[in-house]
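The same chain A turns up in both complexes below, where it pairs with chain B and then with chain C.
Now for the complex of A and B:
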């Protein structure tokens, strides 16, 4: 643990430990590639996952890069926030080619543009023309009632449950 | 002629081959139904690998829009007579995915369903019960979903096209939402 902290100090990064085997660092957007490639040289060779969170109250998207080091049995979480009204991010494909697939997925579900990713074609959704579905301002109930024409009398007398907000 | 039909239906009901195709979580109930504990082969039902040789299509649980398209391809490839069994609440009205953006809510709008099995998910006993009921329906000549599909093809096709060939957004345009944010 201390070793890692020492190594990250010259980068000027604040490390927050979530347990004995996991830590997170928050970085500004322009330093993501630098930090990720530095962590890769430190042994975090495996890219596990790229996730995204829509913080609609802050008007920001948060991208979360999960990395793992098998040698040191450690996981690193790198978080970066980008503005919601201009969701553009650099592709990390030059560090891990694997990012291509994750970025394509995030692009489809959150509408984030990844500069440098050659293939951001539709991935999972069929004929999608609406707001990206995992954005918080997308109303899934209204969408499904409109598209699938859900009617009370077609439920054989069973009422739809109350919506949990 | 009706005696001949009765005879044919009797045999049809006793050798129904199901398409080995699983969509949702209900597929997990099929291995115990197939294998020695419940052993559905007692009823003449065996899994079959290709749609052209199969008689029953099991929709085992929720269907996303993307899967529905493949299910329709598969259903149309099967040769008549063919029957569709809907598993669980998802095929009836969406079940727990009642407000989902990707899971369809009423399977009967897109392909004709002969029999629904209630439950989330139905136990193997319920599945066997459904097979027996389907056999009775087939024997009586009442399971005519495939004829319904041919006779009302325009209606089914219009419902399918509403999903697959839509050219305008269902809600507001994506650009407008992004601009207003």
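Now for the complex of A and C:
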């Protein structure tokens, strides 16, 4: 554990331990590619996932790159925050080709643009024209009320059975 | 007339046509589709087309209470739902600093191992079904039902159990359940030689599965392939051993490695791990301590998980199943990301692996990779 901490020091990265095998580092947007490729040379060869969190109060998106090292039995979580009004990120496809599908999913659900990713076409959804659905300002209730018809009466057309005494 | 060698590409000989392998096709493993560009009998290009099963779970979870989500998440992986519940509960407990009693941890291990065995039986049946050996699905699904019977007795549900709870499990083990489990393990041990004779030593299955979809170790690591598929390529990595959770460090079991990296190695890997699961369960029956099965958590309407983020993971029958849980200290989760083990292999690696594969090998590849569409199309 300390070994990794020492190795990440020259990069100017602060390691925060989340659990016994898991640590996170926060990096600025322009250093993500550098940090990820450095971690890859250090044994974090498996790309586990790319997730996104919409911090709407801070007006920021947070991208979470999760890497795993089989040699050191460690999990590295690299976090980067990007502004919400300019959601553009560099594609990490040159480091892991696998990022292609994850970035495509994030693009669809959060509307983040990945520069360098050739295929950001719709993936899971069909004919989606609304706000990207996993953003916090997407109102699911308003969307379903607009899309589906609701019956006026509260019983939804089902008559209550007679009460048996 | 000049004879054409079989393995030469059929380019320019046949016209390319599009073949849709979708939910109505017997070769696919769920509600998911591949669009294959075919040249004769060979695959020239693959386009995975998910979305048929998309239910928006990640969004739904943000609107529900921490404990309400437990009814939702088992649906993310149908053949093996318990990994979801355990991974989610482990994450919540880590963030909320809840210590789970030993007995509950043993019960969780037993539930996980039983679910793993059930999922492996599904995989054996899948290989049999995709190669035309229909006895195998009948046997395997029939035997899986005995596991479901035990689950029904323990939890009240056959497929979805909704049995885990932050702080432990909902109910204690009923009287006589452990004896019945022991009998079931005896039965499975007596069945395994028959499975071997029917499936694993079957020369036709061996000819059909050996050498199909070869996956070298470096490529598996590079493409995020985990679990039995990774171990079948010769990488000794199992979360249960390397980063033990629950009580796996108190149990004695091996990680078998096949190492050939082809479809047959992948299914044989599952067969070997099946035996290890029996071994783990036998130890659990012996070692399970007395004590409470759950610690009390606050009223669910007041249950606030302290702000923070944590990635909790479980070794499932298909690979690493992880939950990235973000809390902002509210009664509802702020964001939950589900990492399904089939994501990388089903949506990305398939595009590389299936190229130049013959059409009859495609279902064999899908079923030996044990691709489970609900876990990426969540």
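Observations, loosely collected:
The criterion applied here is as follows: the second predicted complex is superposed on the first by the 150 of 165 C-alpha atoms of A that agree within 3 Å, B and C clash if a C-alpha of one lies under 4 Å from a C-alpha of the other, contacts with A are read in each partner's own complex, and residues count from 1 in each chain.
In the analysis below, a residue touches a chain if its C-beta (ideal position, glycine included) is under 8 Å from a C-beta of that chain, and two chains touch if they have at least 3 such contacts.
Treat the numbers as computed from the prediction; the structure is a model and nothing was measured.
Once the two complexes are laid over each other on the shared chain, residue contacts for A:48 go to chain C alone; chain B is not touched.
Using the contact criterion defined above for the overlaid structures, shared-chain residue A:95 touches neither chain B nor chain C, since it reaches no partner.
Look at A:13: by the touch rule set out above, it reaches neither chain B nor chain C. In the overlay built on the shared chain, the residue A:22 is in contact with chain C alone; chain B does not reach it. In the superposed model, A:147 makes contact with chain B only, not with chain C. Of the two partner chains, chain B is the only one that A:139 touches; chain C does not reach it. Of the two partner chains placed around the shared chain by superposition, chain B and chain C are both touched by A:125. The residues of chain A shared by its contacts with chain B and with chain C are 124-126, 133, 138, 140.
By the touch criterion given at the top, residues 50-51, 54, 56, 58-59, 63, 94, 221-224, 226, 235, 237, 242-243, 309-311, 313, 320, 322, 324, 326, 334-335, 337, 339, 343-344, 347-349, 377 of chain C touch chain A in their complex. Across the complex, chain B is touched by residues 59, 84-85, 111, 124-127, 129-133, 135, 137-144, 146-148, 150, 154-156, 158, 160-161, 163 of chain A. Considering their complex, residues 64-66, 69, 92-94, 98-106, 162-172, 174, 177-178, 181 of chain B touch chain A. Chain A makes touch with chain C in their complex at residues 18-22, 24, 45-49, 51-54, 64, 66, 68, 70, 73, 75, 77, 96-98, 100-102, 123-126, 133-134, 138, 140.
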